[in-house]
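Each structure below appears as structure tokens.
In the two complexes below, chain A is the common chain; its partner is chain B in one and chain C in the other.
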Partner chain A sequence: MKKSLAVLASILIIFSGTAVSDEKPPIKYGLTLDYTKSYVFATPSVSQAIEDYRNYLNARGGINGHKLEILNSDHGNEPQRGIEAYERKKREGAIVFEHFSTPVSKAVLPKAMKDKNVLLQTLTGRSDAADGEAFPYAFPIAPTYWAMAANIIQYIENNTKDIKKTKIAFTYLDFPFGQEPIPVLQELQKQLGFELKLFPIALPGTDQSGVWSGIRRFKPDYVVAWSISSLHNIALTEMTRNRIPIEKYISVVWASRLDLKSFGHERAKGVKRVEAVATGTEIPIIQEILKMYDEGKGAGPRENVGTVYYMGGIAEMSILVEGAKLALNQFGEPLTGEKLKKGLELIRDFDANGVMAPVTITSSDHQGGGKTRIAEWDGEKWAPITDWEAAHTELVWKTIKEHSAKFIKENQ
Partner chain B sequence: MDLDWWYIGELVVNGANAGLMYSLVALGIVLIYKASGVANLAQGALVMTGGYVVLALAYDAGLPMWLVIPLSMVILFFFGMGIERIALRRMAGQPLIMIIMLTLGLEILLRGIVPAVWDRGGESPIIPLTLPADSIFIGDMLINTSYLLGGVIAIFLVILFVYFFRTRIGVVSRAVSDDPVAAWSVGISVERSIALSWGLAAVVSAIAGALWGSIQGVDWTLSLLLLKAVAVAILGGLDSIIGAILAGFMLGIAENLAAGFLDDIVGGGTKELVVASVILLTILIRPHGMFGREDIERI
Partner chain C sequence: MFYRQAAIRHTSYDQTKKLYPIPFDKWLVVAVLLVALLAPFAMSGLYLNSYLLPWVIWSTAALSLNLLMGYAGQIHLGYAAVMAIGAYSSVHAMRLGAPFEFALILGGATAMIIGVGFGFTALRVKGLYLAISTLAVQYLVDWVLTHVPAIGGGTQATLQTPTPALLGFEITTDIGRYYLALGWCAVVTIFMLNVKRTGLGRALIAVREKDYAASVLGVNSYYYKLIAFAVSSFFGGVTGAILAFTFFGAVTPEQYSIDISIQILAMVVVGGLGSVLGSFFGAGFILLAPLFLNNMVTGLAEAYDFGVSRSVISHIPLILYGGLIMLFLLFEPLGLAKIYDNIRKYFLVWPFGFSRR
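What follows is the complex of A and B.
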């Protein structure tokens, strides 16, 4: 009896061993985010989206049979911790990374390029990393702030009788994120002839009263705001106080439904923002993810699903998965950083079924075309009021090339 | 260049009111210094805590604002007393610098813990202090009603505290501050007096937290008011309530004028330069501030 049990056990071990060896190894994704310092306004939603998408994907067999494994940790927006986390996850087998932090992405970039690992940096990191020739392993896969600024000016141009008589106030957080669009705006001012005035907001951005007094006196036709999170709430309160119509407010991509909550969703009607991704819960993939929430399998609060930060995570995952599929189909197993890079560069007109603007990534363009649209808050949701488009692309690419050339020169 | 007098007027009036609100935060530093001779570097976090308590009572508990403010003052009073009882009292007899470092540690601890306890998922709600209007216009000059309310309350509280230090309890507090050993030897409860000062500083923090939270929303950045409060307290004199109010008034106007005229030119951040300059110049030129008591020690 004992002997036959041992034989049976041996057979089971042999077969289960075969089953394990048949299972394809996971694709490891190093996700180190800032969960504790500067980016906490967005990271919980981004992380939630990535985990939801991973669960959705793996439940359907993963990427060509490879499960996606996320190696998650916190870097606190500190470059050194980010580098340590990158090295640790690299040792654990990750071939693709996201840090969702400009200082950390910048610090990790040279290492990722040397190691030939893919560095995703959606809406963070170096904007000139859009230049795939200079930064072959960095993938912003979203419009740069230069592209967003240019597209906003195009919207204003399309909606004003005479752009030369139009006054645009640019209010921005006075650090690199806020300052970045200034050269493009100033160049467009020269080309188009509108009046531009800059209104810097000192960090942390909570004291804006003096800034809005100045803006009121400038009497702008539009206010373009490079701000984040709850600072929009303060800006809109000050606009109301100064009797500046809030319909004139056009925000950078970082304005969400949640950010308007304190100001009042009904009161915020007419506020505009530039969008790099679609938002809301009507998108097919979001409908599928919400079914997981109905079963109690969501990765976080249900109200985050479909917000701009959440959709940023979904867009990134959609592109990553598409790139990985193309790489595996075209270049075969095993998936490496080099193959994934080439796979991402094969993506053409991909919008993940309504998640974002159609994206085309090439070996020279890693931002994917730079298309955005303008959406307006209608009291309940962000309603698109333009199509996806990329404007003033020559100027945007001239700016990208100027900056990437500096990087190449400094690193020769 | 034509001067825009309406603009200057607006900068001065709103700067003065904002400065008076800095004074409100600085009062917490002055009260504790007057009673115990300790510079309280946890005042920024106390204001932030006050803001969060007001928010929790108003939003989470759904209480009306007329009840929220007094209730939060009571809660903060006991919170302040509790800090003194649990942390500060153990430090009796320890070097002064270590007590100051303890308050700095408290500031850092509260900055970390309080927003985590009342995590609002990245939202920084503005406290709804219902005012008749957001702003008043006189000609082309905007007067921010939130700042105006803050300024009026700050003056009211200063008058209250000036009288408080003339009451029996107030005189006892001053005696403790002057010479704690002598006060103790004549039967004064030094501990109770210092605890009371922490309680009162926390009460002021609840009011400051509510007022500042009605302008910039409630999140950890409220604690950054510490720097402005320190500048006000140093300029006014660490033990002078009147000094705090005048210094706040001056600092508010100076930084608003600087920001209004220089930010465009230098690209922002001049308010912080004004604050830093005030701290440095006061310490270098007049270390005891405008109205602080100058102690001369014989050696």
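What follows is the complex of A and C.
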């Protein structure tokens, strides 16, 4: 009897052993987003994209056999809740995190650096985290606001006869997000000699009438706007009222198809934005994902697929997966935060499944090149009117270094 | 049985003035203190760093605001800004080479000076009007932090905190930071427990009940209102600094935003105005209930597929949370501390409950 039990037990052990070795442990991704407060204009699309991509990936065997597991929850844009979620997910084994909220990313950054966990912070958090030497574990991957501002100025430079006679109005939400590009713009003004005037919009930005009558008097050739989501509608309405052609409006990345809806898709023709990711549903990876929607397996409403926030999520996931693959191939199992960091830094000219300009990440450059392009709303979709490019990179990097040097000094 | 009152005699003033005349109360406090002291050794980093530590700090903040709102009856809607002043000043002071203890006091002092400055409005206006003028503190401080690089730290508006060192010993461990916060919490708690028994406390309460009646009694209500603003702002400033040094490790304007002001106000109101215990309950409820509810609902959503999107699931805890606040305040408008008080009073005479009627 005892013997047979022992045999049975050993058989069980062997079986369970093989079962374990077949199924590699999942890679855990701590995704804590703001579903309920400030970032709700983008969060549902980003989250939907990440979940869609995970399903797409896991159905095809995951990352070298590892399934990607997402630990998802809400932080309501509150730093202390973000920290709690970070600590909890760290304990559950997550090695890579995204919070998609500037206050939370800032609060988690020192902890992630200490724990050697990868912190993705696309378009949120400190911009100077692009400096991989100062912030080894933070990966903004997307172009910084400084790079976007520089690229917009480059576009304007390419499209005017004489940059010295060009008048540029910079209108921005009067808090750190909007104030950030100012030093770069002012430096470029010195170098190129265009005329620049700043028009701050007081928070919460729902009343912009004073700002736009000021802009009308300034008679700008271009209006560069650091504003978000539905506030663009207010800006465009005020522009129409002040008879400033809306073709002059160039927005930061935070403008999507849905954001223009209440102003009217037809009316908004000619509005421009800088973009870091391609949008639309023609891209092969999106076609594949749409097949899942045809089967009824989508993670959210179909009309979100292909919008700028959705594509941001896809881009980030593509880069993360690529980095994880490189890390597993180069440094072997098991995947840790340290290995993933090194893996991400091996990415060379990777176009995130056709969603981004080719991205190269190195141990010093976590921005990934900083390439953007300008797209114009044609009444139905955002049509790119320039190629991917990164302009004035020296100035951008000088600014990044200036800020990160301060951080290094503070931490000594 | 519990709260035994046998052998408690009121034969001298000293005995009557005791903080805890009933031994059970005293031992309860000692037990809680022991638990608080030993907790870091029994807890994982997760619960220590993201539950217990913030609870201790936010309780201290609620206590400090309770001095102003509960004792002196002056409403304050910009308390997070007062904490921000303390935090930023102490970080700057330490950067300029001041020792940590001195930086903390300096942070408190700066908050006190600015807090009293706004306290002057309290001499002229009351109630809702005072609420609005204290709201101005919040907006002014927010504006200064994001627009004055010398104070806020430039475009990122973030300053990393230097390592705190108490009497020359650097505090680098989680447990050390927790004890620092707990120590400050104990100081404020002891002050708050005792202030009611002093002339200052009685004067503040007189002002709260009716300021001109207090004047008739010879209590200078202007003076005591300013004292309340000063002491409360000092505590708030130091607490803000403690929050930055022990919990966040950095100061940013979002950590001291209007949302936080409202939350601290809610802690005081939900916990119980003028109650020391209530501040702890209120902070625990307002701060920790969203975390627990969120984890509970997320856990349930993972275990059973509800077939709804993530954003819908994320809003369920908010609904429950709002419902809970309403239920508690409907059940006992005087706050969570009063619920405890009711329970205590029940057991005070248990099993002879009929004697209360």
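As a convention for this text, the second predicted complex is superposed on the first by the 393 of 412 C-alpha atoms of A that agree within 3 Å, B and C clash if a C-alpha of one lies under 4 Å from a C-alpha of the other, contacts with A are read in each partner's own complex, and residues count from 1 in each chain.
We take it that contacts are C-beta pairs under 8 Å (C-beta built on N, C-alpha and C of every residue); 3 or more make two chains touch, one makes a residue touch a chain.
All values derive from a computational prediction rather than experimental measurement.
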item	value
Clash-or-fit label for the pair chain B, chain C on chain A	fit
Chain B versus chain C as contact partner of A:D128, first or second or both or neither	second
Touching partner for A:L198 - first (chain B), second (chain C), both, neither	first
Which superposed partner A:P44 touches (first chain B, second chain C, both, neither)	both
Which superposed partner A:E180 touches (first chain B, second chain C, both, neither)	second
Chain B, chain C and vertex chain A (Cα centres) - angle in steps of 10°	50
Contacts of A:T206 with chain B and chain C, given as first, second, both or neither	first
First, second, both or neither for A:T386, with chain B first and chain C second	neither
Which superposed partner A:D74 touches (first chain B, second chain C, both, neither)	second
Partner chain(s) touched by A:R241 [first = chain B, second = chain C, both, neither]	first
Minimum C-alpha spacing, chains overlaid - chain B and chain C, in Å	5
Common ground on chain A, meaning residues reached by chain C in one complex and by chain B in the other	40, 44, 174
Residues on chain B engaged by chain A in the complex (per definition of touch)	4, 7, 10-11, 14, 18, 121-126, 134-135, 137, 140, 142, 144, 147, 215-217, 219, 221, 224, 256, 259-260, 263-264, 267-269, 271-272
In the complex, chain A residues that touch chain B	40-42, 44, 174, 197-202, 204, 206-207, 209-211, 213-214, 216-217, 229-230, 233-234, 237, 240-243, 258-259, 261-263, 301, 304
Chain C-facing residues of chain A, complex	33, 35-36, 40, 43-44, 47-48, 51, 72-74, 76, 78-81, 83-84, 87-88, 90-91, 102-103, 106-107, 110-111, 126-128, 174-176, 179-180, 182-183, 299-300, 403, 406-407, 410-411
Residue ranges of chain C touching chain A (in the complex, touch as defined)	44-46, 49-51, 54, 95, 146-147, 153-160, 162, 247-250, 252-255, 259, 287, 290-291, 294-295, 298, 309-311, 314-315, 317-318
